[in-house]
């Protein structure tokens, strides 16, 4: 399926919950309402025309006014790719987990939590993954200031 | 020991010494002689191991210390180990921890008492020599469990437990394989066994009949496991248990473990030589070629061949898993060795 | 039962095969170098220690901007109008006097980006790779010092290699 | 294996310093005797804020940082990044650059798989294959060094071109090496891969079913070991891989269930041979040209985002780059193949033995530099 068809399909299915679609961009994407992410993911995974069974990448991007969660999806069956984006408020980024759809999301979401402080609702094991458990702040946010010391050790 | 006692007669005024000294001195001297010979042999074996491994792996190995092909490298390493700090973990069982390496070494060391290196160079000719070797040789497992337990380290404990299971399992096929030799000789004395093989290569038990040949292979495999060599080195499996039971040891105590490992290799190789390869006896019958090479040297050469075989195997094979190890012992070697004993016995009765 | 013997046979045969391969390798030539006595000649493009031919340096600071790890520190000042004009060996006029040119080799990531950005090709990576030191500070190489030597009293210890 | 885990379990910390965790990985093993009831990986010991770092350096200077992710296959790491930026900027490279990139990427794949195979032998307890593999890898590194001056962290692929052109005579030495190398693979197979002990240790251990693998986002040789024919070089060709004739080896499960450690290991060994094939074809396609031709003076991509993926030796390597039109990347997120495969580790290793945990970990062929970034 071409990106245009995918965009049309999910817009048809979810209507206004797909906020914006850019299937012609160099990396075709659709912005999804955060509350609908689980439904959209389940649809993308289960629908036979799409069967996006491979979550290639899940990551956050800090756009200073908002935090985006990016889902790059791929279908091993149809060999097509599509990107979903969810825009979250910067102060309290909360979104539902897609762990139940793709098992790999577990670690990816932990990493996004670790780096951006995005809270994934319903995640089974939301701990920091790369930084130490008692690390303060979310390093990949644009306003992050690196601490001078950690547990009395100079950083 | 008799020959040593005879040599001691040359000490001036030997007969004037107190009786207790005269009784103990030959024992002490023979201990020292065996220990020295063993230490030198071990140093050589370590060097050989490094060279064999290096050449199999397209390397050269140690090349600097001592000049010719780094012959003094292990000597330097041994000195380094002796000078290193002897670390005892804070929560270790100190007494057991300190004793363990010596007990491991004791097992290997004491067994050499009955090994006949030459026609008259042996400490003692016990009439239950083989039994004694089997019994004393398994002493090391106690030391290994002690080391594993006392280190207070989970890896060491795993190593100790694995070693116990492995060594005890493999004692059985190896002992049964030894029985195939005892049946035709009819004696447990090592000296008698060697004497029964005198007269050249065709009299060696290895080539006497095919069953004993197979028994030799069984014994060789089982002995590899008994001395924790690859492919049976699971007690010290480097990639799983770091270093197994001697993970926490350093300095001299570690050196003793090292010494014991190679001494054990020498022990099983000596036993294999004595039982299957005719011990110190000549390869070619004396009637064809005069016996130029002294017995002890011939014995040592034969031992070296077996040790080389052990090294060669070590550097070409991967390691077994614990359950596969047990499978090999109980389901492969044990049945085979039992069949072999029965066959040899059948031959002895009906031939 | 058949399987048992098949496995036994397969095991023995493959073990012997492995040993055979290992045996042949016992007699192949070794491929290692005996390092301190034998040394490998480094290819000309080798990227090891940085070297700055300070006479050609125009103090432009391109290398500082290119460096991903900020291991180069430059301090320059304008040369006076009355001073005689000097040129780098490729003819570029040197308008700035390089007061400090320090490279911290402990920070260097050996990417070579600085050498490509250098307009006069005075900053090069040499094939020199044996320069371990006991103190981390000794890894800071002061290249500009001999240029200063004319104005200041000569230092006793010159750390340039 | 059906095991009852009702007994007491002991926690055994494997790593971060352990001979076979391939770096600084910590495994929290819940063991019941020799059997591992649960294995929880803890990562992050090598975390060095790669993604934060690169937000502060300009685009060309990111390349040395990408080298340091997967230091065993640095050429492929930088290739993915460079291709992503080139695609974002719309740069076309000439044929010579394309062919050299293929040659280097495949050589690096061989080098990386040699490490994988060698260390895997080491994990299983056979030390000799390790050094044999390193001996051949050393020749590859020599080729790299004479071309770009570095042996491990190359910084060779630049945005729009290459650091240096090949040296005269490189092709000849390369073909000589390939001719020498191909029989060595068979030798390695005799010594290790076909050895019965090795097969017993690895086949039927660590079964990763295709469904689990896809769900956990496992890619590369690990996925192909489970029998899924997926290779980015074929499915989404870059660098003109579509013009090159090569096979994608997949696991067949010769000695046990599909998706075992042996299958994964063997996929790598077979891939090495395919890489040799690719290199021969790429050398034949080499044409003269200037490798610096399309290097831009200033790398300033237009605002936008891009996801570019390449097949690195450990799987599908994806770079998600967000550009805000400045000289520095606004955000760079790496989809690391080892990271995803490591998340499947707990699933795979449950109920195996301690020795199997090592075997499974080795068969995944992880590089901690890439997991932790």
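For clarity, chains are labelled A, B, C and D in written order, and residue numbers in each chain start from 1.
Methods note: a residue touches a chain if its C-beta (ideal position, glycine included) is under 8 Å from a C-beta of that chain, and two chains touch if they have at least 3 such contacts.
Here the structure is a predicted model, which means the values were calculated and not measured.
A.B. asks: Compare the CA centroid of chain D with every other chain's and tell me the farthest one.
C.D. replies: With centres defined by C-alpha atoms, farthest from chain D sits B.
A.B. asks: Would you mind pulling out the distance in Å between where the CA atoms of chain A average out and where those of chain D do?
C.D. replies: 25
A.B. asks: Between chain B and chain D, tell me the centre distance in angstrom, where each centre is the average of that chain's C-alpha atoms.
C.D. replies: Roughly 45 Å, centre to centre.
A.B. asks: Centre to centre, by mean C-alpha position, how many angstrom separate chain A and chain C?
C.D. replies: For chain A versus chain C, the centre distance works out to 42 Å.
A.B. asks: Please compute the C-alpha centroid of chain C, do the same for chain D, then give the distance between them in whole Å.
C.D. replies: One centre to the other, that is 27 Å.
A.B. asks: Can you list the residues of chain D that touch 2 or more other chains?
C.D. replies: Expected reply: 128, 132, 135, 191-192, 195, 197.
A.B. asks: Chain B: which residues touch two or more other chains?
C.D. replies: Answer for chain B, listing residues that touch two or more other chains: 56-59, 315-317.
A.B. asks: Two or more other chains touching the same residue: where does that happen in chain A?
C.D. replies: If we look for residues of chain A contacting two or more partner chains, we find none.
A.B. asks: Make each chain a node and each touching pair an edge, then name the shape: line, ring, star, complete, other.
C.D. replies: Topology of the interface graph: other, matching no listed pattern.
A.B. asks: Kindly provide every pair of chains that touch.
C.D. replies: Here the touching pairs of chains are A-D, B-C, B-D, C-D.
A.B. asks: In their complex, what parts of chain D are in touch with chain A?
C.D. replies: Chain D reaches chain A through residues 43-44, 47, 49, 51-52, 87-88, 212, 214-217, 228, 230, 235-236, 304-307, 309, 316, 318, 320, 322, 330-331, 333, 335, 339-340, 342-344, 347, 372-373.
A.B. asks: Could you list, by residue number, the parts of chain B that touch chain D in their complex?
C.D. replies: Spelled out, the residues of chain B in touch with chain D are 53, 56-59, 154-155, 158, 230-231, 233-234, 237-242, 315-324.
A.B. asks: Note which residues of chain D are touching chain B in the complex, please.
C.D. replies: 10, 12, 18-20, 34, 121-128, 131-132, 135, 191-192, 195, 197-198, 200-201, 353-356, 358
A.B. asks: Quick check: in the complex, which residue numbers of chain A touch chain D?
C.D. replies: 25-27, 29, 53-57, 59, 61-62, 70, 72, 76, 79, 81, 83, 102-104, 106-108, 111, 115, 128-132, 139-140, 144
A.B. asks: Using the touch definition from the top, list the residues of chain B that touch chain C in their complex.
C.D. replies: 52, 54-60, 63-64, 312-313, 315-317, 332
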